[in-house]
Each structure stands twice: as C-alpha cells, then as structure tokens.
Amino acid sequence: ESLKIGFLATLSGPPAVLGIQMRDGFLLGVKEAGGKLGGLDTEVLVVDDELKPDGALTKVRGLLERDKVDMMAGVVFSNVMMAVYKPIVRSETIFVGANAGPSPIAGKACSPYFFTTSYQNDQNHEAMGKHAEDAGYKRMIVMAPNYQAGKDSIAGFKRHFKGEIVDEIYTKLGQLDFSSELTKIAAAKPDAVFVFMPGGMGVNLVKQYAQAGLAGNVPFLSAFTVDETTLPATKDTAVGLLAGAQWAPDLDNAANKAFVASFEEEYGYAPSLYAAQGYDAARLIDGALKKAGGKEDKAALMAALKEAPFESVRGDFSFNTNHFPIQDVYVVKAVKREDGKFVTQTVEKVFDDKVDAYVGECRMN
Amino acid sequence: MSVLLEVEGLEASYGAARVLFGMSFAIDAGEVVTLMGRNGMGKTTTIRAVMGMIAADAGEVRFEGQSLTGAPSYRIAQAGLGLVPEGRQIFPTLTVEENLVATGANRFGAAPCWTLERVYGFFPRLRERRANMGNQLSGGEQQMLAIGRALMTNPKLLILDEATEGLAPLIRREIWECLARLKREGQSILVVDKNVDALESLADRHVVVEKGRVVWTGSSAELKADASVRERYLSV
Amino acid sequence: MTEPILRLQDVHKAYGALKVTDHVNLDVRPGEIHAVIGPNGAGKTTLIGQISGALAVDGGTITFDGQDVTAKPMHLRARAGLSRSFQITEILPEFTARENVALALQARQGHSFRFIRNVARDRALNEGAERWLGELGLAHRADTPAGILSHGEKRALELAISLATEPKLLLLDEPMAGTGREETDRLVEVLTGLKGRYAMLLVEHDMGAVFALADRISVLVYGRIIATGTPEEIRESAEVREAYLGEEGAA
Amino acid sequence: MTLMTGSTSSHRPSRTDLAAVVVFAAFALLPAAAAAMGDTFIVFFTIRVMVFAIAAVSLSLILGQGAMVSFGHAAYLGLGAYAVGILAEHGIWDVTVSLPVVLLTCGLFAAITGAISLKTRGVYFIMITLAFGQMAYYTATSLSAYGGDDGLTMWGRTEVFGFAPLGDRTTFYYVVLACLLGVYLLARMIVASRFGRVLKGAKQSEMRLRAVGIDPYPYRLAAYVIAGMMAGLAGALLANAAEFVSPAYMSWHRSGELIVMVVLGGLGSLLGAIVGAASFLVLEELLSHITEHWRLLFGPFLILVVLFGRGGITGLLGKGGRND
Amino acid sequence: MSATLLAVQTLNGLQLGILLFLIAAGLTLVFGVMDCINLAHGVQYMLGAYLAVAAYALTGSFWGALVLALIGALGLGLLLELLVFRHLYDRDHLDQVLATFGVIMFLNEGVKVVWGAAPLSLPMPDLLSGSIVLMDGLLYPVYRIALIGAGLGVALLLYVLVSRTRAGMLVRAGATNPAMVGALGVNIRRLFMLVFGFGTMLAGFAGILAAPILVVEPGMGDNLLILAFVVIVIGGIGSIRGAFLAALIVGLVDTLGRGFATDIAKMVLSPSAANDVGPAIASMLIYVLMAGVLFFRPTGLFPARSG
C-alpha cells in the first residue's frame, strides 16, 4: 500500500522562499518517517502554484483527477487557498494546510476535510496587539500592504489593542521605498509601530527603518516580517525587532530541538515557522495514519487527524472544532546566534491556548 | 588607367525572386559611368549588391583589385565607396548637421577634402536648416543632405542612385556641374539617373541594364549615335 | 468666369521664424491643371499638406467646392473630393497593389463598417482596381505586395491610388519623381487624358511634364507666390528664371 | 510577414482553412478520447486552454490585424469574471442576465479606455493600456466586499433558465468550444471584411487612409471594443471554470502572457493565437512536470522560436507555404 | 500637514525619482535610443545586484564588489547581445517582446538555482553609512545622498553620450536605419554590441547601488521593469532629458500620493472608506499620471523620435 500526497506551494517569484521553506519542512517530516508516513510508501507530488489562483486550481484538479492523490497539503497564500479550497473539499479529499488560514475557512465555510497546522491568519497579529496593549503603548501607527491579508492583519491587531491608532498606513504591494511612510512615522512620533510586511517588502522596510534612525527610537512590532526567511537579508539591522509567532527555533521541547537540528543539517539554513508548519503537517499525517491504521477508512482517518496525534514542534497543540490549532502564541525577537546565523527567539508568551476569532461561525463540531 | 571597380557575373535575388542575372561591368579610376534602364530592371539592386546591402548569390565584386565579395557593407564603404541611396534615406532623428558629421570621414587623406563648410558652401539651403531634424526637411533638401552625407565620407567612388530626384532644375544643374567638377578633380562616379541628356555630356561610359543583365555598353558618343538602344531600353 | 473649385486666401504657416507659406493666394478652376513650381524647400509640399488637411494652417481660409474646409479634418476633405498623392511614397506595403487601389475604391464608396462579406472576393472592387493599375502600366503587378515594387512602380501605384478615389481635385506632389523616361511619358499621357475630368494641382520639378500639362503655373519662392500665369508667361518671366528655372525654361 | 489570412481571392479552401478544421476537430474529439483513456483531467485542462484561446484570439484581432498591442487585455478577462462573480454573489446566476452584463461592462470599459488610448500609438499605446489594466487591477484588489485580493468564490455556475448545464463537465466543455469557434469565425469574418481591410491598412499607414478619406479612429475603436467583449466572454467562462474570481486575472503578468501567446502562435494569424495559447499552456504543464526549474527550458524555447521561426509556431509549421 | 513634512516628503519624492532614473537609465539607452524593446532590463538589474552580493562574498569590500559586478554585468551584456539581441534589432517589436520574455524566465530561474530563493543583501560601504538629521526623529542616510549623486552623474553621462558624441549620433541613426549607417562605413553591429553591453552595465549599476537599501531576491526586477517603462514613456521615448524629468515626476507623485492620498480622502470620506479608497488611489496614481500625460501628449513630455 502506498500514499500519494499532492503538495501545493508557491515556488516561483519573489515569495518562493516561503514555499521552499514549507516544502523542505514537509519533506523532512516524510524523510524522518523513513519515506513512509503511517507506514505507507509515501510519494509527495510537489506542485508550484506560481501564486496564480486559477493556474493553481488547474494543477490541483490535475492532482485530484489524474494523479489521484490521497491527500492534499501545503499552500502558502490565502488567495491561492481560497481558489483551490472548494474543489478540494468538494471532492472530499483531506487537506492538511501548512500555512494559509483565511477567515472564511475558519468560520462560515469551514469543512471537515480541512485541517491546518499553521494558524488562523489573524493570530500572530492579535498577539502583537495584545503585546502592545500589555506594554502600555497608547499611540501607535500600524502599517500593512494594501491587500486583503494586510487589512486582516490590522483588524487582527486591533482586536486586542485598545489604545489610539494614530495612522493606518496601507502601502502598495511589493513596495520598495518607504521613505514617505517613515517620514510620516517620524513626524507622528508614536509609542510604537506595528507592521505586517511579508517577504522582500519586509526586508526593504527593516533596512530603511534602521537607516532612517527609527530603529532605536520607535519600537518595531511586526508579524511575518522578521523571521528566518528575511533575516538572511536584513541581518544586523533586524536584531532586536519584535514579531508575533506561534513558533520559534528556541521553543523548548524535544521535538523542536530535534527538528531544528536535523533541518539545518539537511538543508544548511535556519528553519522558519513555514518550515515548522510544513514539518508538523507531515508529522500530523503520519500520526493520524498510524492511529487510523491506514488510509482506507477515511472517516477514521479524519477522526484521527482531529485528535492531532503527534508531537508538534510547538509543544502544546490541539485542534479546535474548525480544525484550526489551539496553540500558544509568543512575542519573538531577532537575534544573532553564536554560529553567526540570524534567528528568532522567544521573548514572552502572549497567549496560552489561543483560540481563533472565527470558530464560532463554523457549524462543525 | 587602372580599373577601380569590377563587377563580374553578379547574381542576386529577393527571397525566391531572382533579380540580377549575371551583371558585369567595370569602372576605371577617374571615370564617370552610368547605369541606365527602365524602372524595375535591377539598377538599384545592383548597387545594393555591390555595397553588400544584400547578399549576392554568385559573382565577384573587386575594388582596386581587392575582392569585396561577401564583405559586410561597412567594410565596402571603408574601402572607398560612398553611396547616395535611392529614396534619400537620411536619418530622421538626427539634425542636418549630425546627419553630415555622424558618418563623415577622410580615410584616404583626400586633398581637397569634403568638410562641413564645403558641403554647406555647396548647398546653402542645408546651412540654413542645419539644426532641423532630418524628417523636417523638404524632399529636395533631404536629397541634398543625402548627397552631402556621401561626400563627407570622401569616397574614391561616389555612387548616386537617382540623386537628382525631386530637385529643382537649378539645383539639378548645379549638381551636374559639381559632378563635372569632381570628375575633373579625378573623382570616379557611378550614376543612376533618368536624365539621360545630362548624363550624356557628363559620363564617359554607359551601361544599359535590362532584366538584371547588361545589354549594352558604350561611350556617350556611341549612345547618342545608337538610336535603337535609346529607343529600346531607354524609350528616349 | 466659373467659380474656382479651390481657393486659397491668405494661407500662411510658420515653423518658428521660418515662414513656410507666406500669405498664399491661389485658385484652381474646374478642369484645369494648375502647376505650382518653385525651388526646394519653397513650401510646395507644405501647401499641399495644408490643402489636403494633413497640416493645420496658422491663418487664412481654404475654400473647396464652395465650402470653407479650413477646419475640416483630412479624411472629410478627401471624402468631399480632395485627393492627394505623396512626394515621399505613402502606400500600404503589406497589401498587394490591387488591395492598395481597392481600398481607395472602398473608401470612395462610403463607410466601411461592413463586417460580413469577404472583401477579397468583391468583384467590383477588384476589377475597378485592376482597371486603374492597367492605366498606369501596373496590371502585371496586381498581386505583388506593394512593399517590394521597384521605386518607379511604387510611384505609379501612388498615383493609381489617388486617381481611384475619383476626386474633384487632385493634388499631385511630384508624381514624376523617380519614374523613368518611359513612365514619365506614360504619366503625362494619363494625366492629359484625365484633363477636363478632374482639376489638378500639380507640384513637379520635371519642367517637361509641367509645360506639357499645365494650363496655368504659379511660382512659389520662400513661401510666397511670386508669379502666376500661363506657361508662356512663366517661361518668359526673368524673375522666375532667376529663382527657379535657370536655363531649362528657355530650352 | 505573412500577407494575412483571407486576403487571397481564391475560393479553394486555403491552408489556413484546413488547419482550422484540424484544430477544431481535435478539440471536438478530445472528450471522447479522454473518456476512452479514462483521463478526466485533460478535459478540464482543455477547457482552460480554450478559454485562454478565446482571449488570445480577441487580442490577436486587434494586435495582429491592427497593431494595437494591448498590454491591459487581461483586464477584460477579469472584468468578465467579476461581472459573473459579483452577480452570483447577489444571487443572480442566469445567463440571460449575466451574459449581457458581461458584454456591456467590457464593451463600455473598452469604449472609454479605448477612446483615450487610441490617441496614442506604438509603445505609448502599450503603456497606456497597461495603465488602464493596472487601474482595473488595483480597483479589484480594493473591493473588500468581494474578497479583495483573496478573491471571490462562486458556489455554483451560470445557469440557463434555472438549469445548470455547466455543472456537467462535458457540456461545459462543448459550450466553451462553441464559444471559441464562434469567436474565431467572427474574428475571421471581420478580418476578411471591408472593416478588416481598413484595420489592416491603418496599421501600415494612417496617412494613406486619411488621404483616401478614411479616418482610422472609429474603426480601431470598434475593433478594440469587439475584442474587449470577446475577452470578457473568456473571463466569464474562466470564472465558471474556476468557480472563483480573483484580481490576479487582471495582473499585468497575465496581459503579458496573452501577448506572448499571440506572438508565439504567429502574429497576424487568428488560428495562430489558438495554437499559441495551447502551446503555451501545454508546454508549461508538461515542462513543469519534468523539473521544478522548467523555466530554464521554457525561456530558451521562446527565444529559439523567435530566432528560427519568423512568424511564431504557425510560421515554423507553415514554412514555405504562406511565408514567402 | 506641516510645511516641514511637505518639504521632507518632496525630498523623498525627488530621491525616489532619481533612483527610478538610475534604474531606467540603461533602458533609455537600449530601448529609448536603440529602439529595442528589452524586457530583460529588469533581470539585468537583478543580476547586477546578485553579482555584487557574490563579489562581496569574495572581496569583503563594497567597492571591490562594485567593480567586479560592473565588469560581470558588462560581460553578461555582451554575451546576451551575442547570443540573443543582435538577432533582434531588425525584428518586429513583438518578436523582441517574446524573446526577451524568454530571457527573463531563464535568468530569473537561473538566479534561483544558483543563489537560492531567500532574499540576500549587500552591506552598505562604511564610508557612506553615516546619516544627517533631516527632521526631528528622522535621519537621512548619506548613502541616499550618494545615490542622488550617482543618478545625476549617470544622467549627465548619458545625455552627453547620446546627444553630444559621434557614437551617440550613430546609435540614433542606426536605430532607424542600420543598413544605411553600415553603407556609410560604420560597423554598426559592433557599436550596437558595445552600447548594449553598456546598457546592461548601467542596469547592473543600478542593481548594485540599490542592493544596500533594497532587497536582493529573484524576480526583484520585474515590477521595476514596468516602472522603468513608465518613466521612459512619460518622458518621451528616446529623450534622456525626458526620462530624467519623468523619473522625478513619477517619484514625486508616487511619494506624495502615498503620503497624502489617504489623508485627503479622509476629508471627504469616512475613515474606513478613506482607508479603502486612499491606498487604492495611491497605488494607481502613477498609472493615472501616465494615462493623463499620454492623453494630452500622446508621445510623452519630450518626444525625441518621430515616425
């Protein structure tokens, strides 16, 4: 008996690094299981979605109909997730997400076939909102690219931050130069800023933030901006900046220590939360298959998945009724490790067993 | 007198359509030769093939004894051929003055060499319009510019393809006079022009082309005398 | 006296300090061939451009067929019966010679918002086109893409297109330039044949053709008309000789 | 350059006619063949190919015939898709409403942007159409009510009087094929008509057209609007095929790909546009199965097509036939 | 909106403009003057940055990296010219689009294969890493001043090269009629090759200079390519002066739009609507600008080439 998994990830264009991390994490999980998840010979068909929703959909159809995969996994971006979600769950194929967690899927449109080892999109932003509130910041500027995830992030941040938002800045997607925004920040002198600037935008912003002399003066809170995918480029300029994350390489549990060590050994670079999520996805599938005794009984497998029978690299991990994780969320900080690599490090735990905001809308139990 | 340009058995085509079927003629140093023939007979094509602007299928082109067959056209021009092309082909995005100096050269140290001043002296109209873009010139002005541009390369052999098209009678006459003067200075010239009468007094020899072949060659006197050639090939 | 078909009053235009047409007054009578001659750069092509509508005038009025067309765009003037040929050949190089002329015929028939019938099979257009090509000695070239015709043939095609619009007034900008002896003779013959049918404004440096064809000649020098008259009068004028003709007029 | 389909005066079926019959016969037979092989995916995939072929034909109509290189053509794809998707979001599924709305929206957008863009030529035209495409794109991304950048999922397909024939894949397939055939034939007819001759003439010399009494502007604009509506139809079909609508349909990358499809197939040939769209998508699909770095192969392939095949793929295939 | 803020934003805009010009400069030469639609300009810019990162790893010095990467970019340009571009000059613009699209695909992927997908960076040279106080709480990096200097230098160099030298004349002439230039005794192929190589070097130069302030990642040139075209088209194809001014205008409009669009929208709309509309407008502002300019001046601000 064998197992075929279709793994969809963005592997081209500037955000390819996220997809590559996620894929590498997943493949590491498969490899550690000796190439046999749940004891089944596992074949992973990795497919590049090119960040084109309609193209991704075609590829998913191919995986479902032609390659007849048993399961689907992966997906970095929400817009791709939304495009492929319907055909996957309609075909009653189990999907184990490893990053994107858009709110409709957590809420109204939730499905018994969908599981994710990452988070609901808002979570890490919420953590920073809470952190800002706890830190006593009264006036803040928030900044995100002008697209749906950006707006969601700011909504998430505001959920727990009750102080004044002096300015909400929406930048262009893929923006290069932030001098205009930095000037605004310098002029408004907020207590702190919160930004969501994934990928290259984050690199540009972090560098320019430091160059404009703001780094030491206005605390920099972020999500998906300062992590192991961008630190190789920002290096020292990012050290000390804060981010919200549900995982960091230094989380103190055995599974994580083993993961980080073997990941760096295998690929030669530091894993980010994308890699951790990918890895957990493979481990989750492994655990559930073992528990259900194979892939044949789908109902049993789904029931098994729901129980999250695996050691997450996050330690404390369980599924909510909408199949999104209930997990702890931290504030992490960028640091330079002794070996010269730049990584994130936990500073404090903001939420214990955080539940996402949309689970109430999901009519599944 | 030494042979300057020799064309032997030149064949050329556009795509599948053969246009030249073994053109052969020669020009001696200091000679003025014309290519004559009706529209579409291959005069321009001959010139293009000699200049290396289209590839010849067969045949030889020699200049001062050196073979130029297959050479790129800049080499051929550098060997001393200066072209006034059909249809002017001045550079539209260059000013008049730039058109003249851009490709200007005096490769052989010609004694009374053509300079900007001399060209302007010859075509005062160009001096007036020196700062205008090439495509802002009138048709005749463009023609003057094309001639001036070729002269500025100080060639050993000047090739004029319909160089007086669209020029006013006065200017046209001045050009004939100028060519005569150049000839006296020893300049070799190959002319294509429909003004057979003017050419008869200017040129030493005439080459009549029909359907891509040379059908008649001879001196001006012979041409004048041979009414049948004039009638058959030139409809004069 | 009959009303002129074309009348220019005070037409002028300048590029910076250069007065290309300087208060030109000129008329063309029905059926007449009126030649405009003058040195290079005198403004003849500019004048044709202004009459045809390709260039705007700085001032003055152009009256065509009783209507003030000064402000009308080029295509409307063409539709009203003003057709021009170009000094620098302006043909459609990818079209065959036949298609070039057929398009002119199609334009003459009126609007072309017709999506249904295959125009290549339109007998009326094709035959009409071939007739004009025949008149100009291009019948054997009907299927040749215009772009690869020889220079002289292109010039003839240029004229065929203009003629095919069957205008009331034909503006000819150096139709003989670049054509060989034989073709020039043929053109003179064709134009002579059309004389009386169309009025023509002829710009030409080939004095043989001008004197053979023109009923009246105007001489344009530096944008100004310095003389208008019959061929004989012009030939006699010392001023014209000095400015333009040189010996040739006398010949 | 080829001298245009349909400009020959012979009544015999030309090479183009034969090729068209072959191409469409292949499309028509494909579902049966797929069923025989038990491959249902290829039917779905080919639907996508045909949808893009419609868009490519529409672009080819203005680009190949009229030299109007629209770098914003994907906007119509998106506009058509959004028209269907937004109507669906409000519970309106019927084709009798959605099709007219699609055509009207795209026609209107084309008329307005075309009226402005057609004042320019060449690269300026390319860039001004890009500008309008980008405006449409950014507008779509900021439509928070309809999912913004995340897109809009359609929980169904367009219906005809309450029936949902598109739910059946084979039916959907033939509907798309019929649309493609219709668009192709329409475009061919336009190209061969008097209108088409004006369009092709205007590409070569506007001055010449004006001089014989034709103002190219309204013809260009009409062609631009027709092409926009055709692409809108493709967009509506795309929305139905994906059951999802996203601003990504309108991004400039997509417009660029459409241009590449048309040029790859062979400029000036409508059938070439279909061939180009198909080869582009099929090659992408095949090569990406060979290696993750399939672009290392695809890039040089495109270069080689340009260097060795004047006139794109159809030029390569039809060498000697039509190309000299 | 205080006056200082406006002044600082204006400066930011001008500086972004100069950066844009720097990026567009190579393209002005190859596309504007030589008339070859070079979509690969963006990847040439990217390669400049990557070469610099690689060279920095070798030499450990920014200046060493600059020199090596420039040489590398030139070599790359000459190679590309030899393999691809020289066959494209006399081809239809759309053939150029297709072929250079292929070049983009190949090089973007190639970079990923060689250097990986993760973003990289190039440290700022120590000499230029200081900053000056621009406004209370805001520093202005000396490096950006150096960038402005480099932009002005390139602008001047290009202007002189194109409109004052014989090579410039020949390139302009060759763009419209290469056969004729050849027939007048100039080896236009070699000239084009050199100019193309120089254009690639300029693209690489921009990439190298941008690397310390912007991210170095695969595909980093794609969006910039579009911006570069926007700049050139607004300026008028072929005009260096036009490109320079257009770059400044685009930089200014973009920066001020980002700086003030939402605030202005808030004057007429509710804050949440303004947050929807403002950023959308700011994003499309340069396209609105381009459409507007072309509507009133269909060949750009300073049309240099007609016909």
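The first chain written gets the first letter, and so on, giving A, B, C, D and E; residue counts start at 1 in each chain.
In the analysis below, contacts are C-beta pairs under 8 Å (C-beta built on N, C-alpha and C of every residue); 3 or more make two chains touch, one makes a residue touch a chain.
Chain identities (UniProt): B, C = ABC transporter ATP-binding protein; D, E = Branched-chain amino acid ABC transporter permease.
All of these numbers come straight from a predicted model, not from anything done at the bench.
A.B. asks: By that same contact rule, can you tell me which chains touch subunit D and subunit E alike?
C.D. replies: A
A.B. asks: Among the chains, which is located farthest from subunit C on the basis of C-alpha centroids?
C.D. replies: A
A.B. asks: Give the chain pair, either A-E or B-C, that is connected by more C-beta contacts.
C.D. replies: So, comparing the two chain pairs, more contacts are at A-E.
A.B. asks: Report, in whole Å, the distance between the mean C-alpha point of subunit B and the mean C-alpha point of subunit D.
C.D. replies: Comparing mean C-alpha positions, subunit D is 50 Å from subunit B.
A.B. asks: How many angstrom lie between the centres of subunit A and subunit E, each centre taken as the mean Cα position?
C.D. replies: Centre-to-centre distance between subunit A and subunit E: 34 Å.
A.B. asks: Report the inter-centroid distance (CA atoms only) between subunit A and subunit D in whole Å.
C.D. replies: 37
A.B. asks: Taking each chain's centre as the mean position of its Cα atoms, how many Å separate subunit A from subunit C?
C.D. replies: A distance of 74 Å separates the two centres.
A.B. asks: Would you give the residues of subunit C that are in contact with at least 2 other chains, written as numbers and ranges?
C.D. replies: none
A.B. asks: Going by the touch rule set out above, which residues of subunit D reach two or more other chains?
C.D. replies: In subunit D, 1, 141-142, 144, 295 touch at least two other chains.
A.B. asks: Where in subunit A do residues touch at least two different other chains?
C.D. replies: 11-12, 146, 173
A.B. asks: Could you please write down every pair of chains that are in touch?
C.D. replies: A-D, A-E, B-C, B-E, C-D, D-E
A.B. asks: Okay, in this complex, where on subunit D does subunit A touch?
C.D. replies: 39-42, 44-45, 48, 141-142, 144, 147-151, 153, 155, 238, 241-244, 246, 248-249, 254, 285, 288, 292, 295
A.B. asks: Using the touch definition from the top, list the residues of subunit C that touch subunit D in their complex.
C.D. replies: Per the touch definition, subunit C meets subunit D at residues 52-54, 73-76, 78-79, 83-84, 86, 90-96, 99, 102-104, 106-108, 112-122, 126, 145, 161-162, 164-165.
A.B. asks: Under the definition above, what is the set of subunit E residues touching subunit B in their complex?
C.D. replies: Residues of subunit E touching subunit B: 166, 169-170, 172-173, 175-177, 179-189, 238, 304-307.
A.B. asks: Which residues of subunit D touch subunit C once you look at their complex with the stated criterion?
C.D. replies: Against subunit C, the touching part of subunit D is residues 1, 3-4, 6-9, 11, 189-190, 192-198, 200-201, 204-205, 207-215, 218-219, 222.
A.B. asks: Would you pull the subunit A residues touching subunit D in the complex into a rising list?
C.D. replies: Residues 11-12, 46-48, 51-54, 57-58, 61-62, 64-66, 78-79, 82-83, 85-87, 102, 104, 109, 146-149, 151, 173.
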